[in-house]
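Just dropping this structure here.
Chain nomenclature is as follows: A, B and C, assigned in order of appearance, with residue numbering initiated at 1 for each chain independently.
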Amino acid sequence: MFEARLASTLTLKRIVDALREILNQSTLDCSDTGIQMQAMDNSHVSLVSLCLRKEYFEKYKCNRNISLGLDLKSLTKVLKCANGDDAVTIKAADKADKVELSFESAGKERTADYELRLLNLDQEHLAIPETEYNCVVHMPATEFARICRDMATFSESVVIACSKEGIKFSASGEMGAANIKLSETTKGEVSIQVDEPVALSFAGRYLSTFTRATPLAEKVKIGLAPDVPLLVEYPIEDYGYIRYYLAPKVDDPDG
Amino acid sequence: MFEARLASTLTLKRIVDALREILNQSTLDCSDTGIQMQAMDNSHVSLVSLCLRKEYFEKYKCNRNISLGLDLKSLTKVLKCANGDDAVTIKAADKADKVELSFESAGKERTADYELRLLNLDQEHLAIPETEYNCVVHMPATEFARICRDMATFSESVVIACSKEGIKFSASGEMGAANIKLSETTKGEVSIQVDEPVALSFAGRYLSTFTRATPLAEKVKIGLAPDVPLLVEYPIEDYGYIRYYLAPKVDDPDG
Amino acid sequence: MFEARLASTLTLKRIVDALREILNQSTLDCSDTGIQMQAMDNSHVSLVSLCLRKEYFEKYKCNRNISLGLDLKSLTKVLKCANGDDAVTIKAADKADKVELSFESAGKERTADYELRLLNLDQEHLAIPETEYNCVVHMPATEFARICRDMATFSESVVIACSKEGIKFSASGEMGAANIKLSETTKGEVSIQVDEPVALSFAGRYLSTFTRATPLAEKVKIGLAPDVPLLVEYPIEDYGYIRYYLAPKVDDPDG
């Protein structure tokens, strides 16, 4: 028997928004430590990983491990029926074929219960090796989203180059070329740690889908190392994260 | 000769918004007591009835009964040309083939006059029998609109069940099931009078079109009785109303 | 070598918005006095003219005359990448095949550079004779935009009639007729100078495209004279303007 309660639905809405463009369906692995999810995106190029520790929840009970196969489109529709400040309780019996979501308004005069059918999804457990990144950048999540959007105007490929001087995003195509440079700020909005300068090329449209997670966090963490997938991490308060991984393009890593 | 003046165009805009999805054309029956309109919706399933007493108007003159056949799409276009706080005067001569709408801005430096052609519409006068409803519920109009929208996510049919415990809306389909319960609140936002519990099934998409009237009123009144059309009533200040009627579905009135 | 710097990108965005519906491409003629542009609209009916004096710029350098052929769609895309309050510097070398736009955020921690390819456009220099207008009207730009939009609901043709009593816009079609009258206001929002009353008919859709310039100016100036193109002028602060010219329709100048 699984039961988890959140005092507010807002973050749950944002988590599902961050996943639903990249995944149609998803299996949440619930255990007594919390909820985990890992999956390749629909086109099997990038990888997304979700972690929500049980401390994140107002109430959390999970007697035995359970996997909840969810259709993210349906889940989105149910979450649209809730106010952001409704409390939400998620319940599933052992071996159940459905999950129940109950929303309560602040004054409790209104309760809304929804049942969603569970899906039987093939699970591939993916090992994500811990990586030492040569460059680690923290920057405002909205700034990263804006840069990804602006780069997409110019080219399908984005070169991210990082050195002690700062982080530079470049794109070049038919219309012209774009270069955006950020340097470390004294106010601490942008922080840059560099062991070794790196310049790598990535497919811009995956970067853009990652930025659907922007409302989740003030800051995004970017990790870069040669020949290793880019890490884009959005913390979920202090209790978890969504991490996206994207392998660099092999051809034009000029920058 | 007919002439009626409103100090503000806003409510008129909202009335037409409430009607125009359900009706393409409409005949307003103007008499010395006010304006009445009754019609079946375009698909001849539900019924809508409008009443505006002459006290609703700043000025009202109607020497002899006159019927104004209006194309609601055209009327909407004309109303879009007006600011909500413009004063509006509606005029028609006896046996006229057009109606005149004049809008005046507050300072009167701007006047805008529009003429609309009148239509010759067949009139069917529908007798709506007075009904005693077993259950009468008053609830916030925005809450009713939200519930109708949320139910539509799950099924074409909505079961409305009312008892002393409260009013419950249910829908169930491919994706899953939804139940929303409201109980009477001490703050008086939801009030429920029940002589006899009732559970009836309705076509959700008609309920949704009724909620186009939401901006007209704080509260909506819902009347339920077995084998009798549902009443959904939006008062127009103290001077009239829009009422919608919808027969229950005969098949699945389980709830 | 050409270099011009603006403290804010906002007005530049608005200028390009004002031009891009009427022109696909445009040649800016830069000289030591400022920037000029003249062109027929895409369908060769109306004419648009832009003037930005060098005093408009924070910094302005132009050693020798240079013509910059720009694709306005691409320029719009680049400007979308900038914040309204970024400073912008536009640079082109003599005989260059590209122009460079550099945006700097207030704190200068972020710089974004864009290169746009220049186009080789045929230039037709159009002589616009100075005209004495019988009627000159100044009115709020938003009011003019609203009237053009409202008139379009009724007809493709708009009659503008101006006399000492005021300015009247009329349109009449299938659906009905519209008349909007403005009189001179004591507050000075509408001012009307009339030597001789004029009534002329114009194609409404050109008037509507002119109103894309509305965000540029509080007031629009309208100049009318018989058998002469209508003038619609939006000042750009005190340092320039966008002017649109549209010949009257020859057929129905009744009004």
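The rule we apply is simple: contacts are C-beta pairs under 8 Å (C-beta built on N, C-alpha and C of every residue); 3 or more make two chains touch, one makes a residue touch a chain.
Being a predicted model, the structure only gives us computed values, none of them experimental.
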Which rotation angle, from 0 to 180°, best lines up the CA atoms of chain A with chain C, given as a multiple of 5? 120
How would the chain B/chain C interface be labelled, same or different, where same requires over half of its residue numbers to be shared? different
CA centroid of chain B to CA centroid of chain C, Å: 45
Where chain A touches two or more other chains, by residue: none
Where on chain B is chain C touching in the complex? 71, 74, 77-78, 80-81, 98, 107, 109-117
Considering only the defined contacts, which chain C positions touch chain B in the complex? 143, 150, 153, 175-183, 185, 189-190
